[in-house]
Amino acid sequence: MFSPTDNLTIYRRLTQIRRFEETVLDEFPRGRFYGTTHTYLGQEADAVGVLDHLQPQDVVVSNHRCHGHFLAYGGDLRALFAELMGKATGVCGGRGGSQHLHWRNFYSNGILGGTIPLATGMALAEKKQRTNAIVVAFLGDGTLGEGVVYESLNMAALWNAPVLYVLENNAIAQTTPLDLHFRGDMADRFQAFGISTRRLETSDVLEVRAAAGECFQGLRSTGAPQALILDTCRFGPHSKGDDTRPPEILERSRQERDPLQIHGARLSIEELKRVTAEVETEIRDAFQQALNDPFPDVSTIPGPPGR
Amino acid sequence: MFSPTDNLTIYRRLTQIRRFEETVLDEFPRGRFYGTTHTYLGQEADAVGVLDHLQPQDVVVSNHRCHGHFLAYGGDLRALFAELMGKATGVCGGRGGSQHLHWRNFYSNGILGGTIPLATGMALAEKKQRTNAIVVAFLGDGTLGEGVVYESLNMAALWNAPVLYVLENNAIAQTTPLDLHFRGDMADRFQAFGISTRRLETSDVLEVRAAAGECFQGLRSTGAPQALILDTCRFGPHSKGDDTRPPEILERSRQERDPLQIHGARLSIEELKRVTAEVETEIRDAFQQALNDPFPDVSTIPGPPGR
Amino acid sequence: MTTVLESLQAGLEHALSCDPGVIVLGEDILDPYGGAFKVTRGLSTKYPDRILTTPVSEAGIVGVATGMALRGLKPVVEIMFGDFLTLAADQLINHAAKLRWVYDDRVRAPIVVRTPMGGRRGYGPTHSQSLEKLFLGVPGLQVLAPAAFGDPGGLLEKAILEDDDPVLFVENKLLYLLPIFQPGSQNDLDLAELTPGNTLSRAAQGAKHSGYPIYHLAVRSAPPPDLTMVAYGYMAELCRQVLLRLAYEEEIFSELFIPTQLAPFKLEPVLESARRTGSLLVVEEGSLTLGWGAEVLARASETLGPSLRSARRVAAFDLPIPAAVTLESVVLPGPDDIFNAAKSIL
Amino acid sequence: MTTVLESLQAGLEHALSCDPGVIVLGEDILDPYGGAFKVTRGLSTKYPDRILTTPVSEAGIVGVATGMALRGLKPVVEIMFGDFLTLAADQLINHAAKLRWVYDDRVRAPIVVRTPMGGRRGYGPTHSQSLEKLFLGVPGLQVLAPAAFGDPGGLLEKAILEDDDPVLFVENKLLYLLPIFQPGSQNDLDLAELTPGNTLSRAAQGAKHSGYPIYHLAVRSAPPPDLTMVAYGYMAELCRQVLLRLAYEEEIFSELFIPTQLAPFKLEPVLESARRTGSLLVVEEGSLTLGWGAEVLARASETLGPSLRSARRVAAFDLPIPAAVTLESVVLPGPDDIFNAAKSIL
């Protein structure tokens, strides 16, 4: 992270996310994890491509589907596993769970849309303090339903907030396909606020990275907010076992739009094998460590008077 | 109302609104009225032009600046004076006050933007019940700051709600000029949701009426929501005595953009004089009656247990 | 045995079949998914035109539904998680709940907003709250809460079909799979349905029916109770367990009141009981401060004065709800907390 | 004599001058208008870069300010009317107030959201409410309310500069033009500033200062009080008048507590006094049910048991606030209501 990265490292990141998420889905039925989870399967190119441009001072604001963003940001595998298991070593000591992560300049929250004004305000604060930081805010197509998103776009444009809105359009919100929740044009939703917007349909991490690069460029030179719409595919269920899409359509997009396959084609078989094996070990170790980690010390919780 | 109207009647309506509002501002310092008020001075052509197309079953949803809408809808002068005075004979028996009016199919509320989903839902209910009614919803440029407006536009487009959004753009929100509260393109704000939008800059009631006619036409034929942006001028203060704009600019717009002057030019001097005098009497009588009307019977208010 | 979920599904479906004006709006409520907690499952197949899956726009949906209600329909809104009601707060408080009064009693806004609340599923701080307390003191808004006692589906049906005023209908998530305890006797316990209080609240006057029931649970043939307990929703189930345990282990006999209408507050039977026992325990899952129990205790102390010898609330800590189950179980009130509180006030 | 408005203006300005991280956001807050209630008047002229007039986007503004706070600034938001806080409820409850705890204590969100509340100006049902009660039980959120006693501007300044956690700062509109009653003696009355309670709430631990004051008002050289009164904001002023009237007309002596911090609740001095007098009267302008007084009474009854002989709340009717002044004055609690309630509980 934090500097243009070679193809192998990029592939490693994609694979880490993929294997992390697969492990989560596999282990959920075994009762290792709690609550809910939203996996990033199929969308790995977005986070890895976009966040490859990050500078250390930059900030990432993420949403419910945050594991991939967090790992691409450089987050620790074991800490994320531990957070999902409710362990003391988790990213937020088990308090946040899958959707509420904070580490360094990374923040996520499970309330859709509510993060967007936060990201905008963060960008304004960075600007005021002349840190040169940029804020990258991820949101999904369904989140365009939330009004506060538009309030934020207006303020970002009005005050030139250095923020890049990354809309991951997987054309579905939970189980609701785009045509049942959205009308109009997606780029227009940003452009109507005077926000310069790029859109591309790809699962190729290098294409994502290139487009994101232009946005970062634009942002760092003009200071004006930018939007990047990435038409992508969600391979897995929304959360767990709740996919109502026809399996054949899913299968097709897995064939045609797999970021790992697409980018993997740039590597030799040996490289692929090696990285895959290494990541496999990493994941297994991280999972096992997290599993052995202690639960949080409940005595630290301050109680109400009288209990 | 409810059928194409001759020039004289149109002028009478413009004048009624004008004189009503002037009377309110004049009498406020004398303690006749309570609380707040937002006068429609300068914008009369909007309501009169648009609402001339109403059918009896149609619905109007208005905002804080509702006196003009209410009177153009056919609302009673005395009942409106009385409401502003907190009298029992007021539109809502004194409960609503200046911003909260309901009579027949007319509804207003002082929470900016919150009325827009209501209007949208009303339109859907009318459609479901096959009444052929159209809902006309007024909002101001400042109200484009409220997120729930966009949530509503999306749903209106998604479900084909028979609603006409009339955006009265007086380029100011309270004391904040457009360039301090708005970025982007105003028509795009609607078109981004696939809503067909017309925009015109005029204070000529007949031009407004013609444009609104096309919207109604479009609506009645396609059933799809429409937007009409009217670039207009607010002549008076936002509420009372709180105008911070340079007087010379105001004076110029009063000279160039007065709906009464513009439309009055179509009438003879005698007609003008007659209508003006008649309205004068109407207003005076309505005001006097309202003044003599009783205050509400407080004994009807159900109290909490224990008081 | 019928579960709460089945009962709610049936109530909703029955309302749809009785009145063509009933229309259901919510996120992801279409079949085959049928809603995050499945209360709407099957409905879109049977009533495709009247089940409207919506964008992710909580404020907008409630506003749209309120508009529909003002113009003759009877909309039912599902908010996927009660935590998101904060987004619809303005629509509920400044629109739906106010309009009837503000418009001089000349409109009605018969919407029902259903939403699952509560924790214990590890969903974390933004998907586990019991936020109903925010809405219990809103003039013009009624708040109902089914429990696994009596007829949850009937309660919902009544709210949809017979109530003229806006209703917030709070379903604790852990109720869905519970079997329903019917009035009568079962496992040493007697359940009775009481006619609701007679408070002359405006909302009650507006309702076309006689009110929403309060249930009364006590150990069969027990001596006169030492303790008055009151709880709603899922906490009523926990209180049921504690009530038995208190009787068996401690020979402490208590009676439990389970109101289905939280707001406007109607507490006559509870206050009468507390006058007799002198001890009142109020149990809720939401966080303590200004929760439902605060109003119950306030009314009890105003009404009973010194004859209220001891009163106590059991509620969640005043903290966000952590995701980790070990932490969550400390923050939320459990059976032991209720048991200990009961013993401590006697 | 300094008014509350002048004091608040000065406090805000002083905060701006002390810390370059302070930034003010709100609708219509630029000069020459200077905000709907003029608290920000003059600031944009002096600090043009740090006073941000905003679009009409209450949720967005609070969210933006929270983002700023998370990244090192100290934003102060003005919500033009407290009635519009409903629009920012999600941002306050599910974001600003929660993040510190949820993120394992590793962030701070030091925002102050100022807003005028209250009626008696004929503004009608959407511009007259006292909605602070909705926010008094929100974990992680502090609620402060200045009164015309002590140092309202200092309170604001302290909240902005010295408090790490989000603060909702509620200004009753009728306070603005009142002169401030300083600690000491004035017109037969003694005002004292008490050190706040020692409750170990998380928020208090987070604050860099020793807490927000409670004021104590009593008739000079009066016999021991018969009655404990507690009120905040503008109602404290009405209670001051009633306290004198009770003493002069009825020879009933009472002591009045005026907390400036409403939430988290810290009531030690009030409860101690009520233990002595046995009679507690809680007065607020918001509507009765689940208002601030509910929690005060609940705590009093939990803590004091039967030594709380009589307790009573005076509050607004559970109704929207009508525009007509004649109606409004019935719905809102006035001096006579307080006077009568005081007599009735003794």
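Order of writing sets the labels: A, B, C and D. Residues in every chain begin at 1.
In the analysis below, contacts are C-beta pairs under 8 Å (C-beta built on N, C-alpha and C of every residue); 3 or more make two chains touch, one makes a residue touch a chain.
Just so you know, these numbers come straight off a predicted model, no measurement behind them.
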By label order, what chains touch chain A and chain D together? B, C
Computed distance of Cα centres, chain D from chain B, in Å: 36
Roughly how far is chain C from chain D, going centre to centre by Cα mean, in whole Å? 30
Taking the mean of the C-alpha atoms as each chain's centre, how many Å separate chain B from chain C? 41
Check each residue of chain B and list the ones that touch at least two other chains. 93, 95-96, 100, 109, 111, 144-148, 151, 154, 158, 180-182, 302, 306
Residues touching two or more other chains, restricted to chain C: which are they? 54-55, 57, 59-60, 83-84, 87, 90, 94, 101-102, 124-126, 201-202, 288-289, 302, 312-313, 317-320, 322
Given which chains touch which, is the overall layout a line, a ring, a star, complete, or other? complete
Contact footprint of chain C on chain D as seen in their complex: 83-84, 86-87, 89-90, 93-94, 97-98, 101-102, 124-126, 131, 133-134, 136-137, 139-140, 201-202, 263-265, 287-298, 300-302, 305-313, 317-320, 322
Chain A partner contacts - residues on chain D that touch it in the complex: 23, 52, 54-55, 57, 59-73, 75, 90-91, 94-95, 99, 101-104, 106-107, 199-202, 205, 302
List of chain B residues in touch with chain C within their complex: 59, 92-93, 95-96, 100, 102, 107, 109, 111, 114-126, 128-129, 147-148, 151-152, 154-155, 158-159, 302, 305-306
Chain C contacts chain A in the complex at 27-28, 30, 32-33, 36, 53-57, 59-60, 83-84, 87, 121-127, 288-289, 312-315, 317-320, 322-327, 330-331, 333, 337, 341
For a test of understanding, state which residues of chain B touch chain A in their complex under the given definition. 144-151, 154, 157-158, 180-185, 188-189, 191-195
